[in-house]
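Following this line, the structures themselves.
Shared between the two complexes below is chain A, which has chain B as its partner in the first and chain C in the second.
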Partner chain A sequence: MNKAFNLENIRKDFPILDQEINGSPLAYFDNAASTQKPKAVIDAIKNYYEQDHSNVHRGVHTLSVRATELYEESRTKIAKFINANTSNEVVFTRGTTESINVLASTLSGLIKQGDEILISTMEHHSNIVPWQELCIRTGAILKIIPINKLGELQLDSLEKLLGKKTKIISVTHISNTLGTINPIKKIIELAHLYNAYVVIDGAQAIAHTPIDVQDLDCDFYTFSGHKLYGPTGIGVLYGKENLLNKLPPYQFGGEMILKVTFENTSYNSLPYKFEAGTPNIAGSIGLAAAIDYLNSLPLNLCHQYEMEIHDYALDQLKSFSNIRLIGESHKKSPIISFIANDIHPHDVGTILNQKGVAVRTGHHCTMPLMEFFNISGTIRASFSFYNTKNEVKQLIGGLGIAFKMLS
Partner chain B sequence: MNVLLLKSVKEIELEISQEFEIFDSWMDRYEYIIDLGRQLSSFPDEWKIEENKVQGCQSQVWFKTELKNNLFVCQAISDSAIVSGLIALLLRIYNQKDPSDIVATNPTFVSVIGLDEHLSPTRNNGLNVMLQKIKNDARNMVLDQQLKTKLN
Partner chain C sequence: MDKKLQLLYQSTILEHGQDPRNFGKPDRYDEFAEGFNPLCGDKVNIYCKYNFNLELEITFESVSCVICTASASLMTTELGGISKGKAIELIDAVLDGLHCSTLNQKPLSKQLTMLDGVKEFPSRIQCAALPWATTRKAMIESETRLE
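Take a look at the complex of A and B:
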């Protein structure tokens, strides 16, 4: 089936895009922070609350059965989207941050003093701090896989860092600041030679590349719904079934139990073991609606188009002589980070906002990476398939004004 | 006495708002603010220490406040041009003031000069944090003065 990519129709699916900011049409280039939501997602959440809401599981009445079916259907759709072996491998969380925290907390039991955890220079704080805390608790050592000046992971250094003591490698699939696509399949292969567990931060990648967790053979893959055109507050922790079964529960309470007496409690099976309390039912339904929506698009062409927009913007940016690109990996996703001589990124962002252009400025929660490049922050434009060349022109025009005012 | 010759916080706020009235576009306002920032008196590098750093701003901001001749005296700088401009406005309003005047007056100039939409204190530009820093330091100066009076 060959579906055509129709930008005009796609834009109509995102009601929020059709508005003015400070008298200019909105040009939204903050997609790496959060993507906008298609009407299908908004409607799914609305319909759920208007027609089907009740608490999930164990209810005999119709609404509870409907809510449960929708919730579990969402899990199945997500499992299929990432090609998990079974929907038991899909645990709902609040987002990537919580998914990584679940792992850093529950993997603790397998870690002893002197063991090594590997992360990379380009990690988001949520893939640094939970592991630092794990190291403090267990006496394990956090080691950093270096990157080169282009912002690419140095695989030869990784090979040297790997050893018998390596227990966990947690790396990002795509850098939220640099746009670098990491060779995670190769990393997973290398790590497994040493029987280390591999955690992938897929927060960015999930929206820009097809994910097949079985093909990747990663042990854990994490992502957030809101960066995949779904709602905030819902995310996914994928884990291989045998590994998730090995790990202890993360939180304790309702839903995650099998039997409770005052003397003893036995825990529920996967994935409920990790889902204590009433889950974010509407969030999961919204995320499934986002996946349905994406599946209705020619997703490959969407990804291709995002890179076209990225390349076009990159080309246009070359007209400015004061710009230094941060992140020039040979394999990139549609994210451009740059700085402009001595001009503060925050000032550029403020002026761009006056022209209706939404970019993110600052350290993007990657302070060690900023330190590596010896900068305090960047201006980041991150693209989605709903962005247009005209919006890029608006960005370039806004930058021209900002640089003139601030130089 | 010196204090009598100086304008009050309210008077300067009014002056600033009158100046901003002549601008009819956001660009003019911002250009003026950026220009004010450029005119800030220099802030020596040796003052750029952790103790003087104002936490909670997206840009780096340093404030050095002291009580001189019973007046609040402050020097400050930011690595952001726009924030430096905001600092210039704040210093114009609060520098060389009786600390108790600072504590007692709530700033209104942000909304009056038509920047509230863009630079409201809830936005992450540090304006709110800088205002709090000024008020806190002024409050501490007042408390110190009261303590000294008591001890005497």
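Take a look at the complex of A and C:
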């Protein structure tokens, strides 16, 4: 059980890291946007297409049986990874965005005019716009849980916002812009006092903290495979079985039906009710391979190490007097957002890229949050367990050059 | 220092980016448009007015990166004092140069060919193009309003 953390070996598992960008070694600090893929994931997808591919749940022939087994095995692995009660509670989607859209669309039926939906200031656009649309359709009211200057959710304000009319609370577990870790267990507890459903946007959290949906008692949890070292185009909507059973299907077609006549159609059981059409089979297999890979690592040590890199970078950044941190929550994940006096993030990003350093600049799909801090964007470095202190030094060196050029 | 970077952030660009010409909102203007780059959140407001000779006076306000600000600043110095028709021609030549060919091949002033450095940075072409496209929008939309 006592696996050691071996950075050198881990880096060898990620072929993409070993390359030069504009003549410098790549330093990849855009992990919050998407993580890189270990060879195990790439191989799993390749093997699937080379040996096992066919459509799922449809054929009696061997390949179809194999593909179906692999697809369902992936579901089971994911269910275990988040400690779902049964694999019926794991619905495959394209990603977090689609998972939230499924919910905002299918929960509509339970919402009346004047009901209230709560989200927070720090949400990603994908956890804002679907709810706005739901409100337009149903006449419900969108209310915003405020944050403080450190970028922490204000729980006392949440308690004041909660009431009989509150039907849904949808908040992010970890902010992709600020790195704030929200106290979602407490939020869920509070929401349930008012019988409100809780949707958690786990896009960022899934790669940086263990998730136990039963312990959290959350109604719905959503995440994307590509932020968990898996492929793009695959994601998960977790929902408590009794709740998913209550909701209507999201899309209609093949796979999600039980019996179709021209007069009447009955729907399939969970989770297929929510999986119309041929699914992303290779994606699910890739995601399961990512989970297997993560399970082969000392995951808690990986998470610890990411924070060490974060703390080191934070310390190094202090050598610049022109930097203002955006997001200084007491509980943080390995994401650092900052701005530099009068220097536009975009210009810094271009110069860093010329030095091989990949950071994200801009609003990170959180425009209302930018408005709260009265800025147009930030420079964001987000870390993974495959990053090194030398890469952080490369970032700091690049920033020095950028600031010199631009001021 | 990196050649491509030097070309992108050459001294004229940096100078215009940090100390833009014709910056601000006039009391009175004939045409206005707001430009927005959803990728990075940059904003540009363009104000056009025409004097009694129908020559353009153009100013802008922006929250934007060096490339976008410099491009806007250079644009105002180029478009100031010419007719609307000529201005649209020049705008189209620049936008075409940024998106398709190179600015060097166009009959443009030396100042404007400086924006060519941006072509080495595909992700930044939008930054340079935004003020020009916004001015075009201001001019065209005001015509449709009049009709």
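Definition applied: the second predicted complex is superposed on the first by the 407 of 407 C-alpha atoms of A that agree within 3 Å, B and C clash if a C-alpha of one lies under 4 Å from a C-alpha of the other, contacts with A are read in each partner's own complex, and residues count from 1 in each chain.
Here, a contact is a pair of C-beta atoms (placed from the backbone, for glycine too) under 8 Å apart; a residue touches a chain by one contact, two chains touch by 3 or more.
Since the structure is predicted, the reported quantities are computational estimates derived from the model, not experimental observations.
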Next on the checklist: After the overlay on chain A, what do you see for chain B versus chain C, clash or fit?
Outcome noted: clash
Next on the checklist: By the touch definition at the top of the document, which applies to A:42: first (chain B), second (chain C), both, or neither?
Outcome noted: neither
Checklist entry - Between chain B (first) and chain C (second), which, if any, makes contact with A:33: first, second, both or neither? => result neither
Next on the checklist: On the A-aligned overlay, A:155 touches which partner chain: chain B = first, chain C = second, or both, or neither?
Outcome noted: neither
Next on the checklist: Which partner chains sit in contact with A:370 here, chain B, chain C, both or neither? Use first/second/both/neither.
Outcome noted: second
Checklist entry - Regarding the shared-chain residue A:350, is it in contact with chain B (first), chain C (second), both, or neither? => result both
Item to check | Partner chain(s) touched by A:307 [first = chain B, second = chain C, both, neither] | outcome: neither
Item to check | Which of chain B and chain C A:257 touches, first, second, both or neither | outcome: neither
Checklist entry - Following superposition on chain A, which residues of chain A contact chain B and also contact chain C? => result 22, 344, 346-347, 350-351, 354, 361-362, 376-377, 405-406
Checklist entry - For the complex, which residues does chain A have touching chain B? => result 22, 343-344, 346-347, 350-351, 353-354, 361-362, 376-377, 401, 405-406
Checklist outcome for this item: In the complex, chain A touches chain C at residues 22, 344-347, 350-351, 354, 361-363, 367, 370, 376-377, 405-406
Item to check | Footprint of chain A on chain C - complex, ascending | outcome: 2, 4-5, 8-9, 14, 39-43, 63-67, 121, 123-124, 127
Checklist entry - Touching chain A in the complex: which residues of chain B? => result 26-27, 30-31, 34, 58-60, 79-83, 118, 125
